[in-house]
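Look for subunit A in each of the two complexes below; its partner is subunit B in the first and subunit C in the second.
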Partner chain A sequence: MTRETDAFSAYHPMINFTFFFGAFVCGMFFMHPVFLVCSVVFAALYYLSIRGRRGWRYLFGMVPLFVFLSIINPLFNTYGAHVLFTYFHGRPYTVEALGYGMTIAAMVVTIFLWFASYNAVMTSDKFMYLFGRFVPSVSLIFTMVLRLIPSYHKKTEQIRGARRGIGMAADTGTTQEKVRQGMTILSAMMSWALEGGIVMADSMKSRGYGCSKKRTNYALYRFAARDKVMLGVMAALLAVIAWCGMRGGAAAAYTPVFFMAGNFHTVIGVTAYALFLAIPAVINFTEDIIWHILRSKI
Partner chain B sequence: MSKESEKKLKWNTKFAVSMLVVLFVVPGTLVATWRFGGTNYYLCSLLLILYAMVPFFISFERRKPQARELVTIAVMSAIAVASRAAFIMVPFFKPMTGIIMITGIAFGSEAGFLTGAVSAFASNFIFGQGPWTPWQMFAYGVAGFLAGVLGKKGIISGKERLVTAIVGTITVLLIVGPILDTCTFFTVGTGMSTPSVLAVYMAGLPVNAVHAAATFLTLFLLGRPMLEKLDRIKVKYGMMDGEEDAV
Partner chain C sequence: MAHFEIKNLSFSYPAAREKKTLQDINLTIGHGQYVTVCGRSGSGKTTLLRQLKSALAPHGKLTGEILFEGRSLKEVGLREQSGSIGYVMQNPDNQIVTDKVWHELAFGLESLGMDQKTIRLRVAEMASYFGIQGWFHKNVTELSGGQKQLLNLASIMAMQPSVLILDEPTSQLDPIAASDFLNTVRKINRELRTTIIITEHRLEDIFHASDKVVVMENGRIIADDEPRKIGEFLKMGGNHMFTAMPTPVQIFYGVENSLTCPLTVREGGDWLSQLFEGKEVRERQVPEIQEGRSVPEPDEVKDPAVFVKEVWFRYEKDAPDILKGVTMRVPKQSLFAIVGGNGTGKSTTLKTICDICRPYRGKVYIDGKPVQKYKGGELFRGNLAMLPQDPQSLFVKKTVREDLQEMLRGSQKEQAEQIEAIAQTCEITPLLDSHPYDLSGGEQQRAALAKVLLTNPRILLLDEPTKGIDSFFKQQFAQILKRLKTQGVTVIMVSHDVEFCAKYADYVSMFFDGSIVTTNTPNRFFSRNSFYTTAANRMSRHIFENAVTNEDVIELCRKNLKKN
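Take a look at the complex of A and B:
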């Protein structure tokens, strides 16, 4: 569950989405070690600011993934100047390939962490609010699906219970019997669902679905002044990052020889990148501090 | 404008747009990725997958589908996602692909694609979105689309349940599974080399085998009764008849 005070979530959905979009794309593009450290640190920081103490478990779960992906790369990639050791009669395991593996692993961990936060912030209603207008019918289908899934889960349980009542419990017997039982339950659930669907469609029609030219919708989001400011800040930072990236500030190569850029553009680029990624975490921590101060005044 | 020429015009626009995409947008993406992205296979392939999916959604929206069509696709997608609940007692058994393919057979390739894509998207809102979301949408969409095409040709149907089940198994093993593995490869892949590609696809094989077995069983055991039910609904309520249904 998200904590109730995730202040970044309270911003306009467009701000939420722009941030994550920028974080994903940059996270997948930049292979420069300093950029990567930035993205891992801020992704973890924001995730912790949402989940609180429970977030540590997920973070620790990322460590084995990181190690695994790092050490596996040199097995497939033998380029590199510094050989660590050889195996299988002389197949080299190189430092450079290990470094590249760590880079890839860091990217994967970053993306996973951003997605973990994304799933908490970008709820389905926000996503539909942003993109539903482009595909009104598909987004209506999608909204219905999200509402139907829990109701079908409930129906499945009812059918299962009814069958247990007549001595056809599904949880004992061989796998073959269980599969057959499951098929019967699913089949019954489907008949039920389809009949319900007909009623739903007729009801929609009788209340005038498809009659008006343009469907209206209601959502409780306001593009407030702070959203405008935030959008401007994000756009400016992303532009700086893109400019520095184009100028080679984020260039890095691992195999055969390790190389990473370290010029004026790198410094500017990393600064802008860190500022951009820090936005949601900073918003959350500021909110925490303000709340703390306000409460201490009472 | 007569209906015939209107149809022709629409077809021409569609053709022009797809030509534009094939001739300019796709090569443009490839060149841009090669030039600026280096080895960023993930972003490049993501864009290509989105190009492949967008036409389905656009043509569906432009048709202004009726309430019954929307509800049918929604109900089938929700069943596909919720179907896992009926098999709680059997680990790893996921009938989702089978149900998507049944939808494709019953209601055609477009409905099949949409059911697949929407099911994948919706189930990811429950289990968590990730870099795999577009791939899953595409993979399951293609499974539904293919079932629709083959069903229309009469190759697979409720009566030919063994053939249908085998076609479903092959679809999972050769199309759905490999697309999902490709996503894994692009997400965690550490560069293109024959052994690394092989390793990822080999690692995916057991998962795909279980998935294929579940699809086989779903289509074999459930294909006929489900298609009979859907046909009955179609006859009884005139569902998914397209234009005739529009009042």
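Take a look at the complex of A and C:
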């Protein structure tokens, strides 16, 4: 589903991973309100650009989470100069603590959103491609597991279906009968899996597995010119963000008194941060626009 | 120099030292030859093929010698063997190692430690040659059986073997996928000069393409000759394997004549024309209804065993309809066959009959009572039972006996008696104490049938019962079904096996696009079709009007020749 619609995921896995890594780290690190607004907005925007209309549902689900996390913080944290109201014989509920709660909530929502996009973009084979080459045998086991899980699932269904056809359905009868049925199916699955394992081992041996000292790892991805450019751009932006952050451009404090930085470094930092986060969404939108133009020319 | 030379090869498994699985095998296979090895299940075909690749050779006592391109096979390193000797096994599923199609193509090359560039080129080549581009990025679980086996073949061909060994590669595939697969193998043989060594039950598709046919029996080679001579040899010897020969060969030897033996339908047609050249053909028809088969018109059946009435079904609310108004009446004590392409809803029909799938419109009546009215497993106690497509999925215990016991209640003695009786019916008495997975395809089928029959069904549903079974077991299976019918059982069978349906069914229904297009007796059904019909009919239709089975054609030939 993402393959057709998401242009960003067609970039090299390294680019995908670098982006999400940057987005995660910055999202968790920056507490400055302007930075936070950037995080939330762009995370939501990108998520929508992948999921389309169906994304709204997940997005609306984030609202109650945000509200809940925001209002709960002042209950535990009573610091702050401005008291909204008091409860329980004078325990204060402060504006500053509420603000801090909103910050934490925004961070959590951001991470949730980035993670949802990450799952759609960084498929397991991309992850294994990036990190599997350090331990080829582990990456092979991983692909085999990914291969076997669906086939075990299918076989279990097949056995259940076959047994239902002779009146031994696993979902009727007393609990004890159900458990016994379940165990029978499990043990049948074991024999089947072992049997299949032998065939698979033969198939691997017959295709030279273990014959050569060094197994290579084939992958479809190629690090193209546009990947190089993109890596450069991302590295530059991240460097600018880091520099501004160190210079105090993203400094913010909530309790006991609210404070946020608003100097030259903040402006540069926010701009770089926004540009960085916008990369995938921009790629997707420009792609759409280009196609639109191309199509209207035809 | 021969590609493979086998000299005085004998082999015995460690468990049974006295019984030799292979005995005095001598065989020479030349470069680029297409060699078919045939023989009944358990004749040692697989053991022989596995000896040809050291990585797969079973443990045991081996005497004699195998030469590969003039060198002893032992001296050829495993690495070289894995490249130059390709081996495709029976089960399409279990041979696949990785989760993606593209990765599977590269697996062997990765094992040999090739670099990215070489792998990329080879994978691209293979995907193009085998027409895999369309599903190159797919997960292997999304593929059909035929695609899986093609992928296995392609990922072995990516290693550029000079010889390709195939051990019953199409036994799990439907006839159309099987034909496709075997055509691809033939193409490889013709275009790349790859030597092919293949074992198969379905000789129809490969017999005529073979340069050499090897017949095995009890671990020995009893014949090793060109295809045309093999038929004669088997006929003279009265060998069981003769029933596995392609239709034209069987018909040829059923009729006395002195022409050359045809191997394909086309040659068979020419042969018949030649046979009757200048002679008048008076008898053009066989009687439509054969003895012992009472067949009322299917629409007029009173009191049907199963009545499916305007059934509509889909798996999910938004999914397309699978069944679109299926209506059928199955007369009691008949063998009712449903034929038709893949994915047209045949198996789903069986599932609606046994209430595993509930139709959203229409009804199913079993013995006049709606199927939903059978409560709490009553349906499966003495009424209905289904034999699934893969009989293996019915086996859940360590021995066949235990598996049968699972179905029974009552004292030890009663159980033993019942098992004894059913084992006799299904002819599996000697197999009772084996592990179900150790049985051959035909044996598994019968053991599964025994298990299903222990519920004493009056209606038996069979999903592709003849898949992967050799011709000898098919006959045995048909006899069992006949016996059941005389005991009052109604059999509904979904099948791709046109020959089997023509010979043994009482009714044949054509299924297409979610409903039944037509129902008729096999004779009328197949003689009116021109594509979806038996080889015997296709071969003889220009001379005879309604000859459908081999026996029909032979009978008509004999009658006409006698008169002249």
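Basically, the second predicted complex is superposed on the first by the 275 of 298 C-alpha atoms of A that agree within 3 Å, B and C clash if a C-alpha of one lies under 4 Å from a C-alpha of the other, contacts with A are read in each partner's own complex, and residues count from 1 in each chain.
In this section, a residue touches a chain if its C-beta (ideal position, glycine included) is under 8 Å from a C-beta of that chain, and two chains touch if they have at least 3 such contacts.
Nothing here was measured: the structure is a model prediction, and the numbers come from that model.
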item: Subunit B versus subunit C as contact partner of A:180, first or second or both or neither; value: first
item: Superposed model, subunit A: greater residue contact from subunit B or subunit C; value: B
item: Touching partner for A:165 - first (subunit B), second (subunit C), both, neither; value: second
item: Contacts of A:190 with subunit B and subunit C, given as first, second, both or neither; value: first
item: First, second, both or neither for A:77, with subunit B first and subunit C second; value: first
item: First, second, both or neither for A:144, with subunit B first and subunit C second; value: both
item: Subunit B versus subunit C as contact partner of A:101, first or second or both or neither; value: first
item: Touched partner set for A:204, first subunit B, second subunit C, both or neither; value: both
item: On subunit A, positions contacted by subunit B and by subunit C; value: 144, 146, 185, 187, 191, 196, 200, 202, 204-205, 209-210
item: Interfacial residue positions of subunit A with respect to subunit C in the complex; value: 3, 125, 143-144, 146-147, 150-151, 154-155, 158-159, 161-169, 172, 184-185, 187-188, 191-192, 195-196, 199-200, 202-220
item: Complex contact set, residues of subunit C against subunit A; value: 53, 55-56, 77-79, 82-83, 86-87, 89, 91, 93-100, 102-103, 106-116, 119-120, 123, 137, 139-141, 152, 155-156, 159, 354, 356, 376-377, 379-381, 385-388, 390, 392-396, 406-407, 437, 451-452, 455, 461
item: Touching residues on subunit B, where the partner in the complex is subunit A; value: 36-38, 40, 42-43, 57, 60-61, 64-68, 70-75, 77-79, 81-83, 85-87, 89-90, 93, 95, 114, 118-119, 121-122, 125-126, 128-131, 187-191, 193, 195-196, 199, 217-218, 221-222, 225-226, 229-230, 233, 237, 239, 247
item: Residue numbers on subunit A that touch subunit B, as the complex places them; value: 25, 28-29, 31, 69, 72-73, 75-77, 100-101, 104, 108, 111-112, 115-116, 118-119, 122, 124, 135-138, 140-142, 144-146, 148-149, 152-153, 156-157, 160, 170-171, 175, 178-183, 185-187, 189-191, 193-194, 196-198, 200-202, 204-205, 209-210, 246
